[in-house]
Each structure stands twice: as C-alpha cells, then as structure tokens.
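The letters A, B, C and D name the chains in turn, as written, and every chain counts its residues from 1.
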C-alpha cells in the first residue's frame, strides 16, 4: 500500500452524492453473531473493488458487552483508521445514545426500531429498521433468531448504499463455506431487510458505494495472524508451543487449521510438525528452546504478559546462542492492560529483554503479506544468528482483516545456519569449537544432538564458557565471549530486513515509523504535502538498525526526523536516540497510545505542530 | 570515602620500606576455611587503623575449587581494586604456577612448602612455609587440621609485615564470638607460623604495615548485604519473602540473624515481622505485592535471574500502583552467567522491566552505610509513590567487607504514604477515588483491606480502570491514567535521593558514575589531576534523574561527560542519552565488564584516551 | 454423639449484623448468561451474608480468567484483588501475612490453578495458608475461548479444541497429596451443598480447597462433557448430606450412627449425614481411595473428602504479634537507637 | 511364568558396542567429596555402558543446582544442556519433539523439581514425556548453601536453616497422582538398586521418575536427617529385589510365586523378587497406600512403586513422521507453490 496511493483525500461529491468515501460504524452486542454480518459487509465491498478496512472494537469478555465494527471505504485507498462516522448502525440499546451522538454532521443513522431513541438531530437522516418484525416474519429456529437479526442491517445498508446483492450472496457463501442452509437463512434475512428498506424508504441520503477497478485486483482479504501461521507452515515450522492469550491465539489457531492440509506426509499421513499447548509461557518458550537446540524450527506466539514471563528463558537462549522465534502480537499494557486493544508498547522491554547485557533482534511486519514473509525470515535469522528473534505485530494487524497482496511463494531455500554435519566433522577430523568465531562474523558453528560423530557433542549452559563450551569463570573468556556476541549483533544489522524508504527530493522532514502505522503515515504524508510539507519516509522493519537507517537519520536533507509509534513513552525513539546519540537533537518523538490504531490526522497534526 | 581522600597515590618508600601501600593475594581452595584466616587478616589491619579492602574471588561451587582473597592496604585510603600484587600467598597446588606468575616485580611469595614450585624468578623473594609440619606439631583433631592449616600463612604474614599480634588475637576473638576453644586452637597455629618465620627468616623484604590514625576511627567493617538487612529491620520491614540466589542470600541471612534480637515484641515475645522462603521468585514478588497491598512493608532480595522472573508481576504492581521493594544484588549476566562475579548489568532491564509502557524507580547505594539508609528510603518511596522501588547493589558491595561509616539512626519518621484511615473517610463522607489525582502530584489515595469504613473498599486490577478503580476499556480513561502515571514519575524525580556532586572549579571533564564504582572514580580523579586534568564528579544515586543531574549534564563547563559503569553495553549511558537527547553528543560511555570491580587505572586510562 | 437442632430453614431478612442480603452484592456480572461462575458468586453472597461476616474484614483475591473476574461481582464492600494469571496464591499469602485477621476468599479457574498455576497451588497447600481456595472448574479456558485446561478429561472432544489426549489433573487429589487440610468437591448446580461447604470452609483453620464443577455454557456444556450442567444434574452423587451449624447455635450431643459431626476452628460444626457407605473424612487415606476410584470410574462424586482441624495455619506458624503487621505503629517496628549503637560497636 | 537366567554378575571389560566404561565418563566432578550426586553419576555411567547405548544418541538435560551440574560429569560424548532453574522438563519436551529418537536423561534436584519446578514436573508427568527424570533428592538447596527445599521433612533441624515447619512434598506421590507411568525411589548408597532402576527406566515407554535420596554431605548429612547416608544405610528397606534383563538375553518361562516379571517397551524385563509382603507395582492404588503409609511412618522404603507400560508416550500421541522433525529436508516441510496458490485463491 505504502507505494500505490498518492492522491490527496477528497470529500467532494458529484451530484450531491458521496461515493466510496465515508465511514460506517456498526454498534452491536458481542457474542450476538454480528461478526458474520460485518465480515459479509466488508467482503462484499472488497469484492466490489473498493478500498476498505474493517476494525473490530470488541470487549475483553465473551458475551453481552458492546462491540463496534468500524468500516472505512476510501476511493483513495486510505486504509488507516479515520475519525468521524457518516453511517451509523445502532443495534445495541446499551450504547445507542452515544453511538448516535458520534454521527458526523449530515450523516445517517440506521437503528433497530425497538431501541429507545434519544433526541433527534436536525442534520441527520434516521432509518428505523423493524428488526423484530422482520425476524418474526422469517420462519427460523428460535435459537438462531438473535444471530440472523444482524443480517437486517446488512440488507438495509445494501439498499441504501447500493451494495451489489450478488457480492453479498457471494460473501455469505464464502463465509459459510458453501453450506446451503445457513447461506439461505442469512441471505433471506438480508433480502427482508433490503426489501423493507426499498418499500419504506426514499433513498435521498448521499452515501453510496460503486464498483471500482485498479485497486483490489488479485488482492486478498486476510488477517495478520493467519498470515503468520501460514508463513510458519510454508517455512518448515516443526514445533509450535504456545499458551493461549489474546490477541495472539489466532496464530496457533491458523496453524491448527492449515497444518493438516499442508504438512502431513503424503505416504504415511503422519505429521511433519507438532503443536503443543503448553501449561504456561515459561514452558512454551522452554519447549521452543529445547526443540531449536535439537535442530527443529520452533516458535511460540504470545502477547505482552507472555513476553515478560519468558524473560529469564530468553536470556538463556541469547547467551547459550540457541535459535528461537517468538511472535508478540502486542496488546495494550502495562500488566493485563486492555487485552482487546492495540498498542506497540513492548518494543523497549523486548529489545532489552532479560537481565545482564542483552539486546535482541526484532522484526516489525506492517502487512499480512509481510507477516507471511517474516515468518520465514524469523526462522532464517534465528538459525543463522543462533539467537532469539522476536516478531512484533499487534492486535490491529493481527486480528483485523486487511486488503493484502497475495503472498509470494518463498523462493529462497531455508537457511538452517552454521550446523556441522557428521561429514563436516570428519573433514575437521573432529576438532571444532562451539563458541569459536572461525570467520569473524561472531557466529560460531553448532552441532545437533543425535549427530553420530564421536566429537559432535558439546555442553550447553547459561553459565560462563570458553570457545570450546567448557565452563569458565575467567575474565578473559567472559569478555571475549561478550565481544563476540556484540560482533554477532553487528552482523545482525546487515542481515535483518532493510527498511522501506520513500525519499522525496527536497523533503526537509524525515519520518520513521513501523508496523501497522503504515497506512496512517501514508495518508498523513499526502495531507502534509497538500499543506506544502514534503516528507521522506523510512518504514523500519527490524532492529537492530542497519546502515540505511543510520544514513537516513544522519542525512543533511532532513532538519527534523519524526519517530512515529503507537505507545506512550516513545519507545522506538528512545532506542534510536541511544543508538545514534550524535543525531539525537534532530529526532522528535511522535507517540500516542489510547488503544486505537494511529490516525492520519494525529500524525499530520503532530508533525505540523513542529513545523510552525 | 568519596570526600575524605585526596592525596595522589605514592609508591615511594622511606628507607627502602614500602609501608601500608601494597596488595596481598591469598590463593586457597574454597571450603577449606580460608575465609576465617582472611577475615582475621583483614580485621587486624583494619583495627591497626590502616585503610584496607578485601575482595573475595570465589567460584560458583561449594568445595574444592580455587579461591583468591585480594587485600589492598592503602595509606592514601584508596579502596578500589588495584591491579598488581606485591605479596602472594600460595596454598593451592592447582593454581600455584599462575599465582606466582602474577607476582609484581620485586614482590614476595609465601608458599606451602609441599607445593610444586615452578621456575623461580630473580626479582622475587620466596618464603616456603612448612605447613604440614607445623600442623602436625600442634595436637588438634584430625578433622580440624585442614581448617587451621590456613592460619599458618596468617602467622607468616604477621611476622613479615609486622602485623600487631594483639590485633590478630582480637580479630580471632571477634571472629569466634569469644569461644575460647577455637580461638586458642587458631591462635596457637598463627603463633606457630609466626615463630617458624621468626626462626627461619631474615626479614629483609620491604613490605610492612604500621598503625595509622585519622582514618578508621569510629568506622566499621561490614558487608553491604548485612547493612541492607539491618536497614530493613530498622525501617519497619514486616515481610521478607525471598528465594535463595547468590549473591543476594546474605540479605535474608542478615535479617534472619538480627530480627530475633531486634523485632520481637518485648511483652509477648512474638514477631513484628515475617520471613518467608518462597518457592521461587514469582511467588516471592507475589507475596511482597500482596503484603504491600494490605499495608505492610514488604521486600524481597534477589539477583538478575530473579528480576527477569518477576517481570510480569512488577508490571502489575506498577500499573495497579502497589508498593514493593526489590533488592537486586547484581551478579554477572546474561542468564545464569557468573553467579560469583560482580556486575552492574541489570540497569536497563530493570528500569524498563515488564511489557507495555513502564519505567521504574531505581536506587544505587555505593557504601554499606548507604545500603542501610536506602533500605529505609526504598520503603518510604515505595509507599509514597505506590510503586515498585528497586535497590541495585552488586556482589562487590553486597558480599565483600568494606570500611564504612557507622550507620546513622533513622531520624525521619517512616513515610507510609497516602493511606486513608477510617477517620479520613468519615471526613470525606466516604467519597474518594483510588486513582483520582487530588493534588496534582500524580499520586492518588489508597485504603487498606480491613479498614472498617463501609466505603473503604475498592477493586484492584491490572486491567484498565478509571479514577474510581472501576473496570474501563475507554480510551480516555486509559490515556488519562497513563498521563497521571507519568506525572507521578515526574514527582519521583523530585523525591529520589539527590546525586552526590563534587564539582571542581575549572573542570572541563564531568564524570557520572554509580554505586560500588565510587572508590575507583575517586582514585582515578586524583590520578587525572596529577596528569593535569581536573574533573567534577556526580555520583548518581537514583533513577529517574532529577534537575541536579540534568544541570550537571547540561553544564557549559564540561565539554565531555563520561558515564562510567560496570557492564558491557553502557546501560546507564543509554538511559541518560535517551533522557537528555539534547546533550547526547557530549556524553561518552566508559563501560567494562569482566566480573571484577572497576579499577582506577581503567577509569583513568579510558578518560585520558578521550582527552588526547 | 448428640441430637442436633437444624438451623431454621428459611433465612431471615437480615443477618446478625442486621444487614440485608442486597448489601453483599457486587457489580453486575459481565459473564455469559447461565455461566456456572455466576451461580457460585451467588452462593458466596448467601454464605457470607448468612454467616453475618463483616465484609470490610474480608478480602477477595483471584488470578485471571472468567472465574477470576467474579470477585468483582460479589461482596461489593470487600477489598478485591484481581492479580495475574496463576499467581493468586502468592498474593493471598502476602496479604494474610500482612493482616492475619482478614478472612480471605480466593477464586481461581482450572486453567488458572491447574495449568499455569499448579506450582503456587501446591505450595499454598503445603503452607496451610488460611484461605478459602475456590477453583471454578469448567475444564476449559473460558476467557480465551475454549481451549482445554489441565482438568479436561482424557478423550474429551470439543468443537473448537479438538480431542484432549492427556489425563486430567484432579484438583482434590492434588490438594490432599500436598497436605491440604480441607478438601471438597461440589457442583455449581447444587446450591445447598456449595453453601454448606463454603460456610464450613470459612470456619476452617488453614487452607480449604473447594473444587466446584462450574459449567462453561459457551464452550463446554454439551451433555457428553463431565463439566456440563446436563452431566452434573444427571450424574452427581453426594457423598454426604452436609449441614453447617454456626457456633452460636447450641447443639445437643447424642448418638447417631449415620451422622458425623466435625467441629471447626471457630466452634461451629459441620454435620455429615451418611448417604452411601460410611466415610470418615478425617482419614486421609480413605480420601485417596475414594478419589482414585471415582477418577478411574469417572464418577462425579461430591462432598467433603478430607478435613483436619488440628494443623496450625501458616500465620500461626510465623508466631506473629496479635495485631496485624500492617497496622503496627512505628514504635513497634523500629528498634531503638541504643540497639543500633550496640550493633555498630560490635562491627 | 518362567525361570530366568540372571545376567553374568561380573560386567565384561567392553560392552555391546565394544567400548570400555572409561569411554562413558564425563568431565571431572567439581562437587564436594562424598556428595551423593557423584555416586549417581557413576551409576548412570555404569547403566548406560552396560546397556551398550550409543552416547551420541543420548541427551542429558538439567536445571540448576549441584545436582543439575552433574550431566557435565557423565557421558562425555552426549549432548548436554544445563538450562535454567526448575524448567528442565519443558526444554526436554522440546528436544524430544524435535528428535523423538533420542534417549533423554533429565537430572534435577529437589529444589529444582519440588520447589520452583513442581509446575513443569507435573505437566511432564501428564504428558508421559519419554524422559528418565532423576531427582537427586537431598532435602536442601546445596548450591545456595543449605536452605530447606520442599522435600525437607517437617520438623527437621539444620544448623544454618533452622527448623522446617512445613510438610514435605513426596516426589513419588506427586508423580503418581499426576499420572506418571514409572515411579521409583532409591538411595544413592544402594548402587545395585539404582543401576537396575536406571536400566529399567531407560527401557520404559514414557516418563520414568527416579526419586533418589542423595545425601548432601556438606549441608544435610547428620544422622538425624532422613536424607543422610547414616539414616539411609540404617533405615533403607527395599520393597523388592530388582533385576533388569536386557531384551537380547533369552528368558525361560516358569512359575515363581515370589517373583514378578514386567516386560518393558523395548522387550527387556524387570524382575521383581518379593522381599516383604507381596506388592503389585501395576496397581496404582497400592502405590498410594504404600507411599502414604511410609510417608506417615517416615519409613525409608525404596523400589519400583508403580509401572504402566501400556500408555503411549507424548511423541507417539503427536503422530509424528518416523524421521526426527529436526532432520526433515526442505521438501518435506515446505508445501508446494500450488498449495499456496489455492489458499490465496480462496481468500
């Protein structure tokens, strides 16, 4: 996305209509099946070729509390969260008052006519929906009624906004995997809503959608966690040990779902992978470390609290130099925080995770396609560098559906790193050093348990050791080892994914951001440009930073470099400043953390404030 | 110390003697009772009024491996580790060769004549000691022989160096708490060594000690961990929950030892404190949090691995705003690292401990007296700020004996913080908000369980909450809460112990350091001065930094500010740079980490290198 | 032993403290309609109200999970602490050492106590922590949408989680082996039994473990599941009929060979009326036998399996002053200047 | 059943692989002279050598502690992993999933397994992890200088640590309750029994727990301690005389009512010769009874308490391909381009 869309946002309307450029907010109760209706809505708009995003704002509970689904349609292809709601759908008595207040001037409000309605606003058009009546009308099992009720607003929206009915039907079919019965029941309810609207409403309101081309063609609609799971399966994952935690669980769920289709041995029908639900996060990371030590590709997926619990074990993997891949689908911390809200608040604690002198490799995917790609990159790096690699995604990227490029099939062979086989050892006539830096990159050779060579074995420990893995308390051995580890960290700088840089000639403003902030940056830059401020943009994809990032920060061209992130303390900013102290004076932290993904407006306004 | 001693070090010798200014290194086997001999040696020198330090270099094992005890006598009062050994005592066959090599030019070597002796050096005087023979000579139980054998070298040193025999006797008496039998046995062995030396040796070697005044008067000899334990007991500690780990265990040991004498209710003989050995560090910090929540003064003592395990719980205490005091007696990390070597490697990971946006209050004691004092300060701050407070000591300060000022009796009443009593609630007629910032310092009121007022109770949670402790997922509540927490952090800057600043007029060099590095800095500054470089010194005693630290860094006077610390990555430097990015360019990291305490030479040379 | 006056069946409108039951309510529940946990909250409200306990002297502690949310839904005038996942016991330990006069109710789930939390669970038993430890056991992780916990039956099948091929940890067995002094199992659907057990537990000296099967109506409530309402209603077998008799009600002594009375620490009594074969709940060994048998036969047996009132609880063992440590004045916790001087002199 | 040829008493100079015992040594021990752990290391060397196992196919795992240091002191040609305190089981789990063909020996201590590690210990049992899990049990934390661990006897006194007022966790009981399939106790001073048990454990399918009382001569070896040499030598009672018979030795069948033979997964046999009253080690319930009795009577009973060869181990349950996951070539673990395309098409 960051490269495709470059026109300024437009609120213009041709003949009074506002086409493909507004927000819909659907307010329902969680556990009431509204997810299906919302997905159908999103998918049909997507299939109409319209740039669209859907963000699910759900409570940390299972059933009965308010949930909102925010859909943005943007002919300009802006996929960031946008403030302001033009089309409001009210299905929840508990929040109907607030929900109606949130409606933008000249917006429209659809509501279940059973809801208590607060004072009406002059500028707003109201569309009551006879939900109960329509549901009664259909003959469906009582148990199902609540669930299908939400299809009514889909029908109303379909009529009012001109959504293509065939796409609705197609989306339903997709959603129910072709199962006729539910498809019919739900589509019938959509049509009842549609017809009721048609009969009772004269559609003078301005909001419309219409088919577009040039944007969604061979794109897919997918969430980041499914992409991560698929990426792991296509990159040889052998063990997934995990402990359930929102918003990371769907990574393991995706693997659970796809693995039997993708990773059973055709001849024997036996598994080339294992999924183990651990008793907690300490055990999950312990299993990852044990398996990686033995040569498997092992990963775990967790969120903030899990990262904290893994701190001691991660230090062991770092110091004993054992690969490990950890996905952190960030949610709002500190502590249990807001399990169903997004944040990028684990950057600092993960970068420096564990006591003693430790620094870790962090990857920052920005799109589902990148989640898929980095699943492989993480394994390659972990095995190449023999160290834990963290992939920091977040709830917004991980759990929401995104328009994404199709995933590229991994062309590069898997990099299993410096592992000495029996043959290699024969060649070396058995003499090698587990922590001996033979070629200066700070990375030593390792052997795997089970290697039949007599000299293959070595002893792994988290205590001081010399180049031959013998226990040592000698100062020289210790320092020597730490020197090599930082040499290895320098090597890491050259191996991690390079940043994506969009440098504009004459730009005086540099912007550095990461991950799911990308759409907001893209849109903000367009706004800044129309305000006469050209900017260059570096999307950081990993820590530690490499030369390109240093050059960008150091560049004479930029008098200010804004570091934009979704947390309170400006965590990435702190790391960049302490890594490049020479340029600290020109770096400016732009950070916010309220549980929502960043909006273009916030980015734009924050930067403008510094350019007056 | 940092203020007393200011003369330049001197290697001069009057009439060929080198008095009160050399190093002794005693090489023994651990578990062989050499600790007693070494303590006796150190204590008698101390009681002779001579500035002296003893550093125990012991292996991470219980019995049978090499141990060294390094004693520095310094008439100038320099107590830092110093390279170079003039007087070598060899009792360990396993290391005798290396130990002899380490002897400085013109040094002397005392050795058990049973040891195999490597090629002799011309410049060295050798003193064989007939240990076996002398031990045989005395009639003592076979079992005890190995233990008293080490007294032989005490006797030899007493004779050669002119140690006062009465002080040896006094030290033995002190060491065995007056128990006659062991005193006699050991003293007898000392005298046998003494006499054997007297008979066989003509004492032409130059090293001598002689009584001094003006330094050790009303000083004490004590280790930092005992001081910490005593400090806790004199500052109302109610619960010590701990899990054993080197080098922190002696904090709990000291409390175990002194508590029954200090903290039993005179009438009932019942305890006003509890010591609970937890099943692990997660439980230890959990108990501290539970007890502090209920209003007790609770603490734990641990080291790096324990800090990592406490990460999740610490985030809870931070966010739910519960006091907690955690002593981290730092050892060499990462991972299990070197459990018996010193380091300051936990600064970064502790400052940012736990996921999400967290920053913590850290205290850095530099002397036993400060350990005693900060034990109280930590409780006062934790209860005032309602947050975890970490006291970062290290193995060198915690486990070695130091010459220290006597501890000042705590004059200030204990600060129990903003706790609403039943009476307070009556006054407020029951209306209060647990997270309501009534006076702008970011600190809200709390109540304690058991408060009989009907409106006293509130619900504590690590999830999102509003000012009245009600569960909330609202963005405004979350942001509002984080804003208050950082306001509270700003308040912390004004409450933590101020730095100790020794500013020299005209100094262009600023030095910032912390904790047990102090003696090395003090000595290095004298060396720098004699090299024509005047420096000002700020000893940081806490994070977050306050105004005085900012001013020091910002001061025009210093063109360079060196941040000196005992770890590999320059952890304090990173924090200071990211806190004061405007002055990043003038801060220079001086960091080293080899398991030893810093030497003046290292500090001096590192700074010189930047002044060429 | 003696004839016993049963307490008046119909509960009075106000309790000993003259308070109505509504005073003991908490915030409205946000759990799923019909969740077993909500009925347990109701039982706690009833028990504490009927015992006439002062809420301000009660603390509610929990870990993380749907079950662990419930302390917010009962005893609105008690301090509550919803801590971190699997670590409630250590927090409770600290709180009780700080103030041993508090009555502590710990609420946990099977994931919270048997999966991530089995370690702290075990050590709380060892210490005989004076805590009413309720495990609201539904065999799944409710709050994370239905994965198997360590108490899920071997071979059990769930739509989302698939088949569980590992044997279950038995909360009651685990408790007894680790030296718990009060161990019972019940069913969220059996209001009377849960309440009697709660009252007895609140009167017990030391740790009281209540393993209460509490159906998760959203993720684990189909009749084939041993943690479902259907299965519970169908298969629950009560080991005894339980009656709690508060200390203030006099009780006349006289032989009844189908009844056992056990006096609790605070002078109250739990009366066990034999239903099936005779069973002695003070015989640890009988408890093993019974629990192992029911585990292998997958019987759903409820009741008081083991009780031992003779063991000192943790705070007794610490030999603490009578006053709560948390409220000791400075004079009591800061030794004198002379004491410091003498220590300094000795160093 | 059958008459049995005992294995030749005197072990041959070289084993099946033609290797001498010295080949199975590790680095020199740095433990205290006389430490029980060192003798256990020697037993492991003997057992593995006599079984003729290929060291390169064995892995040694441990936590932290004096006991956990020992893997460095035996089987010098096996990969070893000295991990973190109390978490050896999870590391072993990962290693065995990665390569199920490895023979895994886990060494832990009572602090490592019963204090900080009881959680992972429990879940390793549940999973029936194919691991020989040795707890070198001395009742104290040796490496941190003698504090009580969770297996220290109630009432025990130590010069440094004072009096322990909490009941002990019983490693064997804890294992059985959590569904372990091979549970035995022995004494570091009983070379023959330890070696027979080690061999049987190495042939067992699933988790094999060996609770070996291993005196800490430095901190817990005075005769009053149940973990001392003195006490052990004096009070050890063997439940059975144990003999391990490798699969390759033929064994003739014929009745002996004072003997039981149990065939192990790899075809070898463990022969149990009755000493005191008859005991059936396949009866889980008998195990409870025995262990609970010995615990209360503080008897020091050793032997094989429980064995069940019928349960699949964890790696079997995972239905893995025959080849170790760790060595699968890319073709086997990277699905085809077509498979990706079809998934993409569906999204």
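Quick note on the criterion: a residue touches a chain if its C-beta (ideal position, glycine included) is under 8 Å from a C-beta of that chain, and two chains touch if they have at least 3 such contacts.
Computed from a prediction, not measured in an experiment: that's the story for all the values here.
S.K.: Report which interface contains more C-beta contacts, comparing A-C against A-D.
M.R.: A-D
S.K.: Can you give the whole-Å distance between the Cα centres of subunit B and subunit D?
M.R.: 41
S.K.: Distance-wise, how many Å sit between the C-alpha centres of subunit B and subunit C, to the nearest whole number?
M.R.: 44
S.K.: What are the residues of subunit A that contact at least two other chains?
M.R.: As it turns out, subunit A has residues touching two or more other chains at 59-60, 279-280, 305, 312, 316, 335-336, 461-463.
S.K.: For subunit D, which residues are shared contacts with two or more other chains?
M.R.: Within subunit D, the residues that touch at least two other chains are 84, 115-116, 118-119, 122-123, 150.
S.K.: Indicate which of the five shapes (line, ring, star, complete, other) describes how the chains touch one another.
M.R.: complete
S.K.: State the interface residues of subunit B toward subunit A in the complex, per the touch definition above.
M.R.: 59-60, 304-305, 307-309, 311-312, 315-316, 318-320, 332-341, 343, 345-346, 348-350, 352-359, 461-464, 473, 475-476, 478-479, 482, 486, 567-569, 571, 573-575, 577-578, 581-582, 584-585, 587, 593-596
S.K.: What residues on subunit C touch subunit B, complex-wise?
M.R.: Within the complex, subunit C contacts subunit B at residues 27, 54-57, 59, 61, 71-72, 76-84, 87, 89-99, 101-102, 119-120, 122-123, 318-322, 324-328, 330, 332-335, 337, 339-341, 343-344, 347.
S.K.: If you look only at subunit B, which of its residues touch subunit D in the complex?
M.R.: Of all residues in subunit B, those touching subunit D are 31, 59-65, 243-246, 249, 256, 277, 279-280, 305, 335-336.
S.K.: What part of subunit D is in contact with subunit C in the complex they form?
M.R.: 115-119, 122-123, 126-127, 150, 165-167, 169-170, 173-174, 177-179, 284-285, 288-289, 292-293, 317
S.K.: Touching residues of subunit C toward subunit A in the complex: what are they?
M.R.: 30-33, 64, 66, 84-86, 115-116, 118, 141-145, 147-148, 150, 162, 218
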